[in-house]
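A, B and C label the chains in the order they appear, each numbered from 1.
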Amino acid sequence: MSLKVGTIVEALGGQLHGDSDRLITRLAPLETAQPSELSFLVNPRLAPLLAGTQAGCVIVGAAMHDAARQRPNGGDCIVVDDPHLYFARLTQLWAREHGGAARPGVHPSAVVEDGAVIDASASIGALCFIGRDARIGAGTVLKPRVTVGERCVIGARCLIQSGAVIGGDGFGFAPNEGTWEKIEQLGAVRIGDDVEIGANTCVDRGALDDTVIEDGVKLDNLIQIGHNCHIGRHTAMAGCVGVAGSARIGAYCTVGGAGMILGHLTIADHVHISSASIVTRSILKPGHYTGFFPLDENSNWEKNAATLKRIHELRERVRRLEAGRRDVGDQA
Amino acid sequence: MSLKVGTIVEALGGQLHGDSDRLITRLAPLETAQPSELSFLVNPRLAPLLAGTQAGCVIVGAAMHDAARQRPNGGDCIVVDDPHLYFARLTQLWAREHGGAARPGVHPSAVVEDGAVIDASASIGALCFIGRDARIGAGTVLKPRVTVGERCVIGARCLIQSGAVIGGDGFGFAPNEGTWEKIEQLGAVRIGDDVEIGANTCVDRGALDDTVIEDGVKLDNLIQIGHNCHIGRHTAMAGCVGVAGSARIGAYCTVGGAGMILGHLTIADHVHISSASIVTRSILKPGHYTGFFPLDENSNWEKNAATLKRIHELRERVRRLEAGRRDVGDQA
Amino acid sequence: MSLKVGTIVEALGGQLHGDSDRLITRLAPLETAQPSELSFLVNPRLAPLLAGTQAGCVIVGAAMHDAARQRPNGGDCIVVDDPHLYFARLTQLWAREHGGAARPGVHPSAVVEDGAVIDASASIGALCFIGRDARIGAGTVLKPRVTVGERCVIGARCLIQSGAVIGGDGFGFAPNEGTWEKIEQLGAVRIGDDVEIGANTCVDRGALDDTVIEDGVKLDNLIQIGHNCHIGRHTAMAGCVGVAGSARIGAYCTVGGAGMILGHLTIADHVHISSASIVTRSILKPGHYTGFFPLDENSNWEKNAATLKRIHELRERVRRLEAGRRDVGDQA
């Protein structure tokens, strides 16, 4: 596997300072890159790594141009507007050039039920199951062992990782004298274009209407999306997130790992939820929201946790002290 | 897909006020239902939606009878004792009438090992794996891509969603000079009747005895049930819940999404755990239990979290103030 | 299924007090063991169970020797150095003797891509997928329905439970005017020897370098390991844990169920994280760390949670009281 620097710049742009015939054998982090390897600097805080890297070529923004060219180990650089974005596109070029693209077609071990419509350019991996009347759009890739339930629709250029389950039943029951009566989930799942869904992530079908994932949404692994949810475009969620049923999440949101959003809530556009934080009320104002217990040494946590369980009392005691102080003041 | 209102009332009961020949083409929420669609009102707080709905027919309780009949848009209603339960049964009728029932039999792509006994009325989906000597009861449905390990037993009328793993090894190791020595998991899993298990949920086999899930239990997606657990009948757990090994959970309990129950605990019947709450001690009294950090704007959370780490000190300071006040009082 | 006590002692050592011809039909907990069954006492706190057990033979440490021999119900005992470890090895012997070992070879329903190298002694279960150029080591067992992505490497004597996904894409995107540009994940996953990976657990491939799981690591079910992570040898993690990308976790660590470790952190060797605790900073000192909200009755939690959101204010009020008390003292 290799690419000439010149080929890269021709495909992706950027201003090359150095040898366009240099052969790149691998993309690598600054710390471990070798002279035949290409690296990149995205985070300005990591700039000190530039001086020490052995990378034959580095991708940098304009502000790092001089630092990149004055490296003690020598080597070339490509100056670009947005090194992170450039690097992303370079990984795509690299994967394409080295045969990483999925082949169109349905693997013979996959099971496709009657009425399913799969675009000729889509790739359905080994041991996938596509239910009846499901639809898979152009250029979409299902890695091996994915389930797409009946009547679910996946748009174009989506990528679904192994083990994902699209269109399992939503969790709906009516109570009946202590037991639970099944509410058949008659809706489906509708997924837009350019959506990525992680390994073993579940998106449940709606009870009556469909669960909807809009264009450009990115879901990491082991995420649960309950029935009837609506997730706005370009929202991204990290691993282990849970979204309970009928939540309506805006566009351009992010949810950190293991964040949890309860059911029937509305989250505005541009809301950012920290990892492991629990959303129990609707959030109508864009912003950054957090709620988890800070980590501590166990012995200290134990003392604080015990106090926390009586914090309401503590507030009352402070209130009495404040009242008493006023009394004392009056007496004085 | 359609059903006459008369057919519905004939099958499920209820008092129809209106045209029994009205053809229903879909079940739909009040907000979006059209004149050819049937809707329902369960939650009395949503009663204001009744006036505005376009639904051709609505299912209501007796208290909403007048409101349902005086809708400005007209339309019929079915008056029933319990609209939620009626609606559940209507979804079941709808699914049955429209071919939603799983066909009995074992899909040819499923792998069934020697000695497994599958009831003739059960339905084993595509790409399932059933281990040796496992047993699957009458009317039980395994959606595609389910694993049932060797010797595990699933009762009658269960529904197992795609990706679920019944009978993976419990997590058991003996420490051995810093390394871990495998404890072979010699038990199995026993699941009662009318149990539903969600997509990608895992129920581990017991170490010596079996892990037991009693009749009527409902588990949502991405739940972990550790080895040797015992879950009482009609208990329901929402997505992303974890139950560590050897926990004994009563009947008629509920656990909210991402709730976590540690190992070797006993939970009484009729205990309700809020979402994202961590159970670290046995709960012997029925009731509603909660424990998670409330969400806040990030900047406010940061200040509170920092203070929380010194809350024990704060209590000491209040104690000293209280002691001092008594001193001041004495002096005065 | 049965084994003579003499056969057990011959294979595993220990000092038998009793009849070596006694036939053992099952391994069982002290509480439920029958006269033909073998039990064991690991936890000294459970010693009171010894007196009541019906077990025909019990495994005990030297300190429990007398108690084991003076059981009112009679029965034999095997005295060993480490009953927990002995019991682990006994379960292994039991499984081997009773046909529990996986057969070497690739199940005909598994899909193995070109270039994958599978050791002849490895066992690849039904409906597994092994990507091109992957490698599976000697004696390793993949239960049914496991995914091992292209170029991923699994060492010797590993055990991968059903539904696990090794080598799904890491979650990497560059922001691009509100949308997300895919960073192709060009690395792979390297797993050492004697590793166990639980059901539906995901280990993502690295972006550039590989994600590394060292020898002897044990991961329970439904765990998420992000791209570029490095997990040191003999570290164990319970179910539902999440480790975000590029975390570097030491050797001999433990993480309790649903613990969460954020990205790019370093965790030293011998660090123990409690269940449901969130690690947001690097931990460079061995020890036991905790951070979760203690469970409470819901009504009490509600009061405390409300106070918690104003705890920073409370601290300020205490500060003012302290200042005021000094004032009062001055005046007095």
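The rule is short, and it goes like this: a contact is a pair of C-beta atoms (placed from the backbone, for glycine too) under 8 Å apart; a residue touches a chain by one contact, two chains touch by 3 or more.
What you see is a predicted model; the values in this text were computed from it and never measured.
Contacts between chains leave no pair untouched here, as each chain touches all the others.
Fitting chain A to chain B on Cα positions gives a rotation angle of 120°, stated in steps of 5. Chain centres here are Cα means. That of chain B falls 26 Å from that of chain C. Contact with two or more other chains is made by residues 109, 127, 145, 163, 200, 222, 240, 258, 292-294, 296, 306, 308, 310-311, 314, 318, 321, 325, 328, 332 of chain B.
On chain C, the positions that touch chain B within their shared complex are 26-29, 32, 82, 84-85, 87-89, 91-92, 94-95, 100, 107, 109, 125-127, 143-145, 159, 161-163, 194, 196, 198-200, 216, 218, 220-222, 234, 236, 238-240, 252, 257-258, 275-276, 292-299, 301-302, 305-306, 308-312, 314-315, 318, 321-322, 325, 328-329, 332. In the complex of the two chains, the chain A residues touching chain B come out as 109, 111, 127, 129, 131, 145, 147, 149, 163, 165, 168-169, 171-176, 178-186, 200, 202, 204, 207-209, 222, 224, 226, 240, 242, 244, 258, 260, 262, 273-274, 277-281, 287-294, 296, 300, 303-304, 306-308, 310-311, 314, 317-318, 321, 324-325, 328, 331-332.
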